[in-house]
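These are the structures, in structure tokens.
Two complexes follow with subunit A in common, the first pairing it with subunit B and the second with subunit C.
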Partner chain A sequence: MNVDVIELSESRAQFVLSGVSSAFANALRRSMMAEVPSLAIDDVNIYENTSVLYDEVLALRLGLIPLRTDLDLYVLRSECKCEDGCPRCQVSLTLSVEGPKTVYSGDLQSSDPKVVPTETDIPIVKLKKDQKLVLEAIARLGKGKDHAKWQPAVACGYKNLPKIVISGCDRCGACVDVCPKNILKLNETVVVKDEIKCSLCHLCEKACESGAIKISADPASFVFSVEADGSMPCMEMVLRAADEIKKKAKALTKSLSGVT
Partner chain B sequence: MAGLEQGRSDKSHTGDAMIPIRCFTCGKVISSVWDEYKKRAEEKKKELGTDDIEVGDILDDLGIERYCCRRMLMSHVELVDVLAQYT
Partner chain C sequence: MGEIKILRKTKQELELELKGEDHTFLNALKSALLQNEGVKIATYDIEYPGISDPVLYVRTKDTDPIEALKDASALLSKQCDEFKRKFKKKAQ
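Then we have the complex of A and B:
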């Protein structure tokens, strides 16, 4: 197993994972989307809401706001020793605003300065004169498989590593014109600029009359594109996803060892 | 052409009260750029003197790359101000 990082920033990553089966690549993808916990608003106590939005619509909007999550500080409610909520498994955020004003995610007052909305300019509701909003929101850890608001990965996917082989090119240039990703260039022969960008559409193969260009995909290498919603850095999310797989595998080994 | 916004009046369309927080398809937070998008689109409309403008470059600039996220902003009709009259 080998990992080559192509691009890595706080919010997005691209890497090539090679020497694994597609089942493993998919397990990693699913783990990122459904198994890595993150914080999101789960319960909302509404004391006053005279805005144009219904309480439940407001609560959904609040839930979808990504919150910065430090997974070393919080535990899942189901794994917490307390009975009904403690500072280890939940955070309270309050909101008290009077119109006329547009309420933004940055107006939420958190009881833990580390747990704040990742973006401060998400509009929640626009209040007119005499409209008022007073509420308390409880954020908890949760997993993407229970609700999309707990999913730290956004648009996370992979494709097989493309391989482009050119031999016996007659410089007709048909493939260069037809490539939707613009990755082919005509020098002495056709050369490939950025192989990884190829979408495996095979249009160049069809355009090439002499059959000089061959597109294939490496079945054991995967180009991952991962985007995080900001609740944690992309790198941490991928590592935690791998840890979750490990945890599951360990639990399976343990339960199987009892079987003789 | 990519990113063509049709001229329309708010009254003839159904819409959401507020811009959805995230893209329905991929889950990216798109609402945070709504105010800026709206501002730039209005400026462009005024500049060109028409409601039929192309907003592709604005969306690119705001980092809204995928077409699932782009349609969220392009097709949104903000109705809070209309609804506020009836509360």
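Then we have the complex of A and C:
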């Protein structure tokens, strides 16, 4: 197994994972989206809403606001030992505003200063004069597989690592023109500028009359492109994804040891 | 997580229901099982997608299928550790 990190920032990561099965790569991808927990508003107590949006519409919008999540500080509701909710499994955010103004995610006041919306300029609702909004929103940990609001990964996918081989090129340049990613260049022969950006569309192969260009994909190497929604650093999301798979494997081993 | 129910067990065969799981774990587990030379057949079925629990079927040549499954689980766990280690290292 080999990992090569091409790009890594708080919100984006691009890396090449090789020497694994497609099943493992897919498990990682699925885990990033559906199994890594994050915080999101789950219950809203509305005390006053004279806005143009219905209560439930507001609640939906509030739920979809990404919240900064520190996974070491909170536990899933199902795993919490408390009766009815406690500071370990839930956070309270309040909103108390009056028009005329546009209510933004930044207007939410949190009981935990570490749990705040990742962006402050997400518009929630527009209020006219005398329209009021007074509510308390309870945020809990959850998984993307239960509701998209809890999905920490936004654009999460992979492709097989492309391999481009050119030999016997007659410099016609047809492939350079047809490439939708513009990764080919005509020098003494056609050369590849950026092999990893190849989308494996094979248009260059079809355009080449002499069969000089050959596109193939390594079946055991995967180029991952991952974007996080800001709830946690991208690197943490990727690592937690592997953790969640490991947790399942460990849980199965434990259940099996009780069998024989 | 990890709740199982053995539906059928013979010397070489195992039919196991894994509650609450989906392709995320099952497909990776199946792939790990098939890397074992002693495993003849490894596959899983989800009768009603999104509703029913998946059922894993394992058939071995002459070893205990439960042992093969334990090995596959351990292999997956190791792979996850290796990935985390290598990713963290390259992220510096």
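Quick note on the criterion: the second predicted complex is superposed on the first by the 259 of 260 C-alpha atoms of A that agree within 3 Å, B and C clash if a C-alpha of one lies under 4 Å from a C-alpha of the other, contacts with A are read in each partner's own complex, and residues count from 1 in each chain.
The working rule: contacts are C-beta pairs under 8 Å (C-beta built on N, C-alpha and C of every residue); 3 or more make two chains touch, one makes a residue touch a chain.
Since this is a predicted model, take the numbers as computed values, not measurements.
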item: Contacts of A:21 with subunit B and subunit C, given as first, second, both or neither; value: second
item: Which of subunit B and subunit C A:249 touches, first, second, both or neither; value: second
item: Subunit B versus subunit C as contact partner of A:31, first or second or both or neither; value: second
item: Touched partner set for A:227, first subunit B, second subunit C, both or neither; value: first
item: In the superposition, subunit B vs subunit C on subunit A residues touched; value: C
item: Which superposed partner A:8 touches (first subunit B, second subunit C, both, neither); value: second
item: Which superposed partner A:50 touches (first subunit B, second subunit C, both, neither); value: first
item: Touched partner set for A:259, first subunit B, second subunit C, both or neither; value: second
item: Which superposed partner A:187 touches (first subunit B, second subunit C, both, neither); value: neither
item: Touching residues on subunit B, where the partner in the complex is subunit A; value: 17-19, 21-22, 26-29, 31-32, 34-35, 66, 80-81, 83-84, 87
item: Residue numbers on subunit C that touch subunit A, as the complex places them; value: 1-4, 6, 18, 21-25, 27-32, 35, 64, 66-67, 69-70, 73-74, 76-77, 79-84, 86-91
item: Contacting residues of subunit A [partner subunit C, same complex]; value: 1-5, 8, 15, 17, 20-24, 26-28, 30-31, 34-35, 145, 235, 238-239, 242-243, 245-257, 259-260
item: Residues of subunit A defined as touching subunit B within the complex; value: 50, 52-53, 57, 61, 64-66, 105, 118-119, 121-126, 128, 131, 148, 151, 154-155, 227, 229-230
